[in-house]
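Let me begin by presenting the structure, written as structure tokens, before commenting on it.
Naming follows writing order (A, B, C and D), and every chain is counted from residue 1.
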């Protein structure tokens, strides 16, 4: 037991150094978005800001994240931040964290657990809302250009099946298609969030549906790049012209916005990866003994190539539509 | 008389080792006649060839190139190189990073194309050499030796691109994954054909093919007849690395970027599958490059067919699995033997019936 | 006379793609008989055995054992029916211990669990009873091929059986071992076990067998009692023609060997752990035999010269010039050729065709960038198929589907094609039929006459006496003497091997 | 003389295993010294290796069996996903009991084992290809059942999953509170499987036949072993263990989704090989595989504890350590071989 108390003392020493230790379990580095997310965390929880960040990359595997959290618990970190690979499967390990008295903050995707007290707060995007925003813009745009009653054929190039972003964004579109009787969802096919797959799927869709397609709804920028290439290669055009195809996208990365500016992507709905500051706010309020809001959405914008629509509303809230200029692009951090 | 001649040839054809792989490819393609009639329609659209069939041949290019390397590695070392996809990513990263001069995105070439391509291929060859060293010199089992680069490769690629997707939005770079000038045939097809021809030429004009088979069948006997087993195994891994590098450049040119996470993703499994569908034995020894090439086209034909038939991508593996099993069962010696026996029995019965008729 | 028949095979027919291995063969085995199965290489002996024990299905015919018709679907079936077999190629598991190889499939058990202790102790008893000097816990992989052969035999005889089949069990055994085996066979015979015995050694047939069945080209020639079939007639039956006796081949030798015309000299060559430093010289036009007991290091000696195992000390000179031999290719470039003793492991490239197996050494010698033309390969293959009378469906047949003896001929052809000046033959006649054996011996002498020097290893002293003009004797990895000229007699050799002091130079 | 020979034999066949265990110990102790201040020396850290890898250990055992016969099974990751998804679906969407979920899991495993075993054994198709198809099939079927994530909320199941077994030792946390080390029942099951399979491999006919087949299949046939039935049994047992392992995996994650356990097959193969199993067959032990799993777990645990690497450096370091390990093993084995020859 003398050994034990020595341990305890040592731990005390290290916590006296003043830094707050944060263990962050990240999904991986599978996209630019994710890299930006990691960077945001690393910049926020730097030594200069009074933190010690223990960063773990799970390489897209939930089991690695579970291992990492167990490891954090043994390291007796002050806070655990988890960007979960999946929404489910966290009950056991979060319970272990709770028993060890370590608050857990979830970022990005939501977790589904049997007991909400297993995590302290959540910061992230509302993917379904993103989908709804995009659909709302499309409706407003069609109305504005006088195509409000035309028959509109849409194809959805989905993200990786099962990913929260895919589920939310697809849901948003499907709901809108149900509402608007003149919209038809011709096909849903996954492009796995990559450019190459997006291109391959689009090639195949073009062959099948030929000239019918009016709108391509890509669930991230990379897919949109691929789809645009496929469309151009098939001798069609993207843009606002009469027989052209409208390409919609999500994420709003720098490269994505460049295409918006060029008019290739008509609308890019933002998915904000800069979670660091929000998480820091939560930790600060916890340190101060306050109880933060359980769910916190990051602010996300809508970027369009054209001025036709200035404002949209989704879920009862209004959002401004930003028209992309060089200025907007140069301000982008990722 | 002509009939007799035909049937004689027919037997020779069915005995050929590429007969079944080709039949399987044709069957996969023919399914489309019923399901997707316009599958075989090839037209010129926008100045280039257009059609499902063109897609099959075009999209299969990287797989074909990698499958060739995989065949050689398999034959010589009796094991597979599972790092090919990762090596593709590394080569793509090197190529794009040099072209973009370190920027995330570029609209003009920062360095010469030749430099970038040569550097990428050299790096890929080094990766191959690393694998080859582990397998040939240290005697580590191929799948385990290549597991190292399989895990590290994409990390290295990300390290090179600093974790970002590097875009090279320059026409001349897009050529390798697109079209050369006004040529209506997609460039990747030329790459695949070139790889096939060059490797076949090398195997024809040197004794390498025989050496590889011999080393793969019996290492110790090969050594005693004066072959340097280590060197030959090593060489096949280097060749496989180089071919993966080329495939990586083509793949990155298609998307004019280096996507470290996705270039060549899961391609190793398809390449191994192609080798097997081509009638090659995965435990080494005799091999047929053309078999693997046909296997690769079969896999892509299957994928494209299923797309054309509106099968959703996440369920696609189920169909793929079923078709693969059917193909390998048909090609399996046991199955062929039982068919032969069945035929023999039927012939016997017929004979007896005829005799009875007399 | 009223012997009971235990096994009858009637009208057995078996075809492989391209070859009719057996056609309408009858065979009858009686209780307590040792029955020799004779024939040239590729006559169908092994195939008949494999058909009997269920490795191959047969096309037509029937097998009757103990008065009941039966078909063995697998060797397991055969074992259950009381047939115990030693196949021509040693078939054991290299990754298991000696004891396991002896007992696998019938392990002693206690409470449903394998009783290792008993297995090891029973193995020890069994090994000792056959004078096999190896510990039961040794991995089989570490045993020499002769020991493996003995273990395979031990395994087969230890099983309760009515029929024991031995397919060329003696090919890699020396005389002492053979004697042990014969004693064993006689014991089993007394117990009433019927034994089928395949061999190419005529003396052995006349020593132990009661009956002889001769096959030729997959067809039955006939069944004879040993007493009624003199050797010459037996050979004639096997070959289908009269055979000029094998005696004094040596007298055919024309040229005199010129002493002191060394082609290869080894000075102080050794390989750590297996062979102590030795000096040996091979002169032009000379056949030098290497003799010694089993495991005395004959193979190791030649392997060290050839670079198959890189020598630790010493040097090899070719025509008086020192050459560095790091790998077999160096030796080949210096004009050496090496026919290894373990055909299956070090010789054949199983899946490659006969043609490829023949040309591979020459191709390797020429180098990768000088591939042989198709025509050249085919000519070479045809040439050696004819010269060595290799029985094969075509030159494109994979070598693995040739009979054991014919495989050996292919390997011999491989080396002759490289036109070596120094040829190492380690057990070249193993598993080769009597006719061809004489042919090979003649060939060896002819090659010597052409000026090649030859190192010849064989377990048959007589064969060596017939061919060699000088013999080196080895004991325990050491060269203990050289015998030549008139000293070259069986007694003298035995004496030296046993450690007679006189010749230890 | 004879004794000496016997000793030599033991060394050569258990040598790889011994290297593995020693290297593991060295690595772990080094980690304990370097990262002592980060809790690496705590007993719970060690227990976590077992807790997090219980499923993998069981799956690795199955993998070892088929690898000993000279085969391979790369479908295990997909089977795991399918098992998790089916169990989750059965309990959540069909309202079945936790017990029936166990039964379903094991049945799925066995079914895969039977079909794959049949194709490998009786139709003589290459194991890699058969199980590759199995891998596609399992993953696809998982997507067919549901593309959504299913969280398991079944009370009994969660009770199993969260049933903590406290051990009589532990550490004090920084507030001076005694925290006992603990494990979950999955760990006991996994270790039980390792022990049972070890006994089976060493002391049953079936176990020894597996080695014989892997050593030389042709010989095994000629020695009168029923090679086909043995191989078939090996694949069925492998399938069963994949099902069981999948279920343990499910107990650890309490969810089913399409992307689950991707790449698990490579972890299992790597673990087996590091533990001394040869891909070419005939050699291997499940104890070795257990240590293989622990080594992989320790490597990733070391990296997590270190905690400042960026994503790509994690991958590179991970494989560098793996490489170091594999190469060291190869070199030691080669040196040993040379020595033995002399």
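List of remarks:
Simple rule for what comes next: contacts are C-beta pairs under 8 Å (C-beta built on N, C-alpha and C of every residue); 3 or more make two chains touch, one makes a residue touch a chain.
Just so it is clear, the structure is predicted and the values come from calculations on it, not from any experiment.
More C-beta pairs in contact connect the chains of A-D than those of the other pair, out of C-D and A-D.
Using the mean of the Cα atoms as each chain's centre, the chain most removed from chain D is C. With centres taken as mean Cα positions, chain C sits 73 Å from chain A. Centre-to-centre spacing of chain C and chain D amounts to 45 Å, using the average Cα coordinate of each chain. Measuring from the averaged C-alpha position of chain A to that of chain D gives a distance of 34 Å. For this pair, chain B with chain D, the centres built from the Cα atoms lie 31 Å apart.
Annotation for chain B: residues touching 2 or more other chains are 158, 163, 314. Counting partners per residue, chain A has 29, 35, 38, 161-162 as the residues that reach two or more other chains.
Multi-chain contact residues of chain D, defined as those touching 2 or more other chains: 143, 147, 258, 310-312, 314-315.
Annotation, chain-chain contacts: A-B, A-D, B-C, B-D, C-D (touch as defined at the top).
Those residues of chain D whose C-beta lies close enough to touch chain B in the complex are 119, 122-126, 128-130, 132-137, 139-141, 143-144, 147, 258, 266, 269-270, 273-274, 278-280, 310-316, 318-320, 322-323, 326-327, 330-331, 334. Across the complex, chain C meets chain D through its residues 55, 74-76, 78-79, 85, 87, 91-97, 100-101, 104-105, 107, 112-114, 116, 134-135, 137-139, 142, 155, 272-273.
Touching chain C in their complex are the following residues of chain D: 2, 5-6, 8-10, 12-13, 199, 202-205, 208-209, 211-212, 214-216, 218-226, 282-283, 341-342. By the touch criterion stated above, chain B contacts chain C in their complex at residues 204-208, 210-211, 213-214, 217-218, 220-228, 285-286. Within the complex formed with chain B, the residues of chain C that make contact are 306, 308, 327-329, 332, 338, 340, 345-352, 356, 360-361, 363-372, 414.
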